[in-house]
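Each of the next two complexes has subunit A plus one more chain, namely subunit B in the first and subunit C in the second.
Up next is the complex of A and B:
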């Protein structure tokens, strides 16, 4: 169970972009989070993945309250999340080849021996040909790069996947391929998913449950009850 | 009909210089730097002259075919002294620039990667260092050692890492907020690994450029320290000691012992700065090439 309890977060304490938000994702559940751009859903996704420290509130991962964020989070807790970002160009180090990109988490966690096998496996899963793997980010398309980023997110077998507008920059066929790859992984491992986006049709078909941004915050919940 | 010439703004470089003059500047700089490198590397072993040989009978000869740059007050050939001096000054300049860049990159990266109070303390220390004039601090450092090449290298290196530290820190801070750093953290990378694997490689072009821009500056500082009599020992030819030794001759009307070493300071350093400026325009076209000397 991944729980966000009355999370308030942002980049300026006086003016948080996320106010008092509650959200839970049950084990194995796929939750879609819908909202207009700029509403703070990406910030919430980063809080959930322990990449952004909230001003207030708690993130509870399988009953364990997160105490640290970013590097201060224990490695086991950080790597429990596979994160895919909206813009593949910015989320790939321009100096690494796609193979190195996918293998980086394995090397960072001292599992370099598994690199050849895992990379070949995942490249097949996300549909990347061998010829592409030796290239650098500027030599492939956005869609191909996003496939590699998804492979990187899956390489440590995370229990939770956070997809922040994963397919916003991509065409329909790549979107279908990536969603299929995520669903294949979830079917195999039972991982939970938090998919953030503004494409209602996509999220409603992809996820078990979709919630709208406005339903999450305490204020709005209070408004509805009155 | 009157012809009006119009050039797109993109064809203009520093101070309205056109692409042609800019190319000319780059090529002339490259030619000078090549000539300097050949001169200091090839000439001494091939010619095999003793630059310190004294010929009192030939003292203070004006430029001639035999001595193109003339001779100094103890009859040493100035062309030979200038080439040897350039060799020493260039070596000091390059090593000092490398020292300054390594220290600056390490400090800047440390400050930015750690953030928080480490960053604040380190950057305030940088401000304190920067508030003291370079030359004064440099003099203080060389004064602690016996005259020689290494005290000068240390002195120039340790007073010039400040701007590099600031540049590297700013660059690391901007790289640190990229999503690929988030992805690395999520992939279990330690702080050290993120810094070494993702942040430092990203700032290396900037640091390398800072190092090259530092070389002329370091040569000038070496010359200044030697000119003040604090740098290299006077018998060792360097551009600074040559100019210093020539002061008394200048008052007697002998211009060549000052002019040629002076040109040897100015022309190669401007050429290096010209090349570095062109490089900077390539990697960072927004900033126009002002000579950052």
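Up next is the complex of A and C:
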């Protein structure tokens, strides 16, 4: 279970963009969080992935309260999450080849020996050919780079996936391919998903249930099932 | 070559437009290959395709904004000016802003960050229309009104605007010169659906009866909302040009790639087209879609030619006239083949042939066409 309890967060304590939000994702469940851009849903996604420290409230991961954020999060909690953002170019080091990019989390956790096997596996999962793996971000399209970012998010076998507008910049076919890759991974591993976005049709098709941002904040309280 | 001159003349006529980039080591990347279409006044043509298919390069070519290593062929006539051969001075002084208004992909990057929207509008007005103080202030407010940009926000800097308002500011700037051609390059990327709808509706409204809009987008719902015709680009080529209504509705697209693209939508089958597009630096001789196409057979090792789709409304046969010999010269596919296809199209699809161009050896209509749910407002 991934639980966000009374989370208040933002960039200015006097004016938080996330106010007293409750949200629960059951194991293996796919929850779509819908909201307009700028509403704070991306901030909430970052809190859920332990990338942004909330001002108040708790994140509880499989019964354990989150004890730190970003690099201060205990490794076991940090690596429970795979995260994919909207803009692959902002989250990919331009100096790395796609292979190195996908392998980053393995190296960072002392598992470099697994790189060849894991990268080959994941490249297949996300539909990247060998010729592309040797390239650097500027030599591939947005869609190809986003495939690599998804592979990177899956490389440590996370129990929870957080996808923040993962497909907002992509064409219909690449969108369907990336969602299929996520769903294939989830079917295999039972991972849960929080998909944040503004495309209602997409999230309703993709997820088990969707919640609207307005239902989460403040008094509207508890996570309503739709 | 004897087709009667259609009236009225198109705003933009693109014929055999190709762009390739010379890379280090002498290799070439073909970004646009033999594009041909006409755009009439009052018409909106949506150019759709995935990122990297060449559609943005086509836009840059029309604006004379290609990098130095680009080589072009063909023509893009705006009235009697060929945009491909016009010199930079002509483009800067008489074309950009005046005859072609650009609605940019990233308004935040297009607006000057250190100046208010008002001062940018005033400067553009001064440049393009010659309005001077004291009329300038009112003209800027009127220009803002046209794009529904609130007057109360005119004294803000771009970073103080929401994405939607920044887009409107950019649109207001694009409209100042009253250009007959509006070119919108992915104007809705990253915007919410509601804002997407509003942005494209506004663009459509500005087109009215006497301008033309070329909308370049990967957003099929946006294209459906405002386009009269749809051109689908794949691996540098336009593979289908169709009437928007029949493309999105019944009978649906005829090119297998276009069908795959629509079927990938979450409101349809949500299944991706297998594989990925080929590299533009290593395009095959035959149909570039063949490795991903379920219908591919031996015929597809020869390049299919877009049949009858070059022209807009009222251009009967002229497109094929051009397509035959040119296609033959390039790739060896006979002019007869192209002609036959056109004739076949006419029989199958009486009356719609000039808007039903498709470059495929087996252009069958999908038996089951699921309509998009979003209604055309």
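Heads up, the rule we're going with is that the second predicted complex is superposed on the first by the 219 of 226 C-alpha atoms of A that agree within 3 Å, B and C clash if a C-alpha of one lies under 4 Å from a C-alpha of the other, contacts with A are read in each partner's own complex, and residues count from 1 in each chain.
In this text, a contact is a pair of C-beta atoms (placed from the backbone, for glycine too) under 8 Å apart; a residue touches a chain by one contact, two chains touch by 3 or more.
Since the structure is predicted, the reported quantities are computational estimates derived from the model, not experimental observations.
Kindly say whether there is room for both subunit B and subunit C on subunit A in the superposition, answering fit or clash.
Taken together on subunit A, subunit C would fit alongside subunit B, as the superposition shows.
Applying the document's definition of touch, where does A:70 land relative to subunit B and subunit C: first, second, both, or neither?
first
State whether A:82 touches subunit B only (first), subunit C only (second), both chains, or neither.
Touch partner of A:82: subunit B, not subunit C.
Just to be sure I read the superposition right, which of the two partners does A:51 touch: subunit B = first, subunit C = second, or both, or neither?
A:51: touches subunit B, not subunit C.
Check the residue A:91 against both partner chains and state whether it touches subunit B (first), subunit C (second), both, or neither.
A:91 sits against subunit B, while subunit C stays out of touch.
Touch test for A:144: subunit B only (first), subunit C only (second), both, or neither?
second
How many degrees apart are subunit B and subunit C as seen from subunit A, counting from C-alpha centres and rounding to the nearest 10?
Reported to the nearest 10, the angle reads 80 degrees.
Return first, second, both or neither, reflecting whether A:152 touches subunit B, subunit C, both chains, or no partner chain.
A:152: touches subunit B, not subunit C.
When the two structures are overlaid on chain A, which partner does A:105 contact: first (subunit B), second (subunit C), both, or neither?
first
For A:179, decide between first (touching subunit B), second (touching subunit C), both and neither.
second
With both complexes placed on chain A, how many Å separate the closest C-alpha atoms of subunit B and subunit C?
Superposition on chain A places subunit B and subunit C at a least C-alpha distance of 10 Å.
Would you mind listing the overlap between the subunit B footprint and the subunit C footprint on subunit A?
Shared contact residues on subunit A (touching subunit B in one complex, subunit C in the other): none at all.
Enumerate the contact residues on subunit B facing subunit A in the complex.
Residues 178-180, 182-191, 193-194, 197-198, 201-202.
Give every residue of subunit A touching subunit B within the complex, in rising order.
Contacts found on subunit A: 46, 49-51, 70-71, 75, 78-79, 81-83, 85, 87, 90-93, 95, 104-105, 108-109, 149, 152-153, 155-156.
Name, in rising order, each residue of subunit A that touches subunit C in their complex.
On the subunit A side, the touching residues are 36-38, 86, 127, 129, 141-144, 168-177, 179-180, 198-202, 204-206.
Sort out for me which residues of subunit C touch subunit A in the complex.
Going by the criterion above, the answer is residues 49-52, 162-163, 189-194, 218, 220, 260-262, 264-267, 270-273, 275-276, 373-374.
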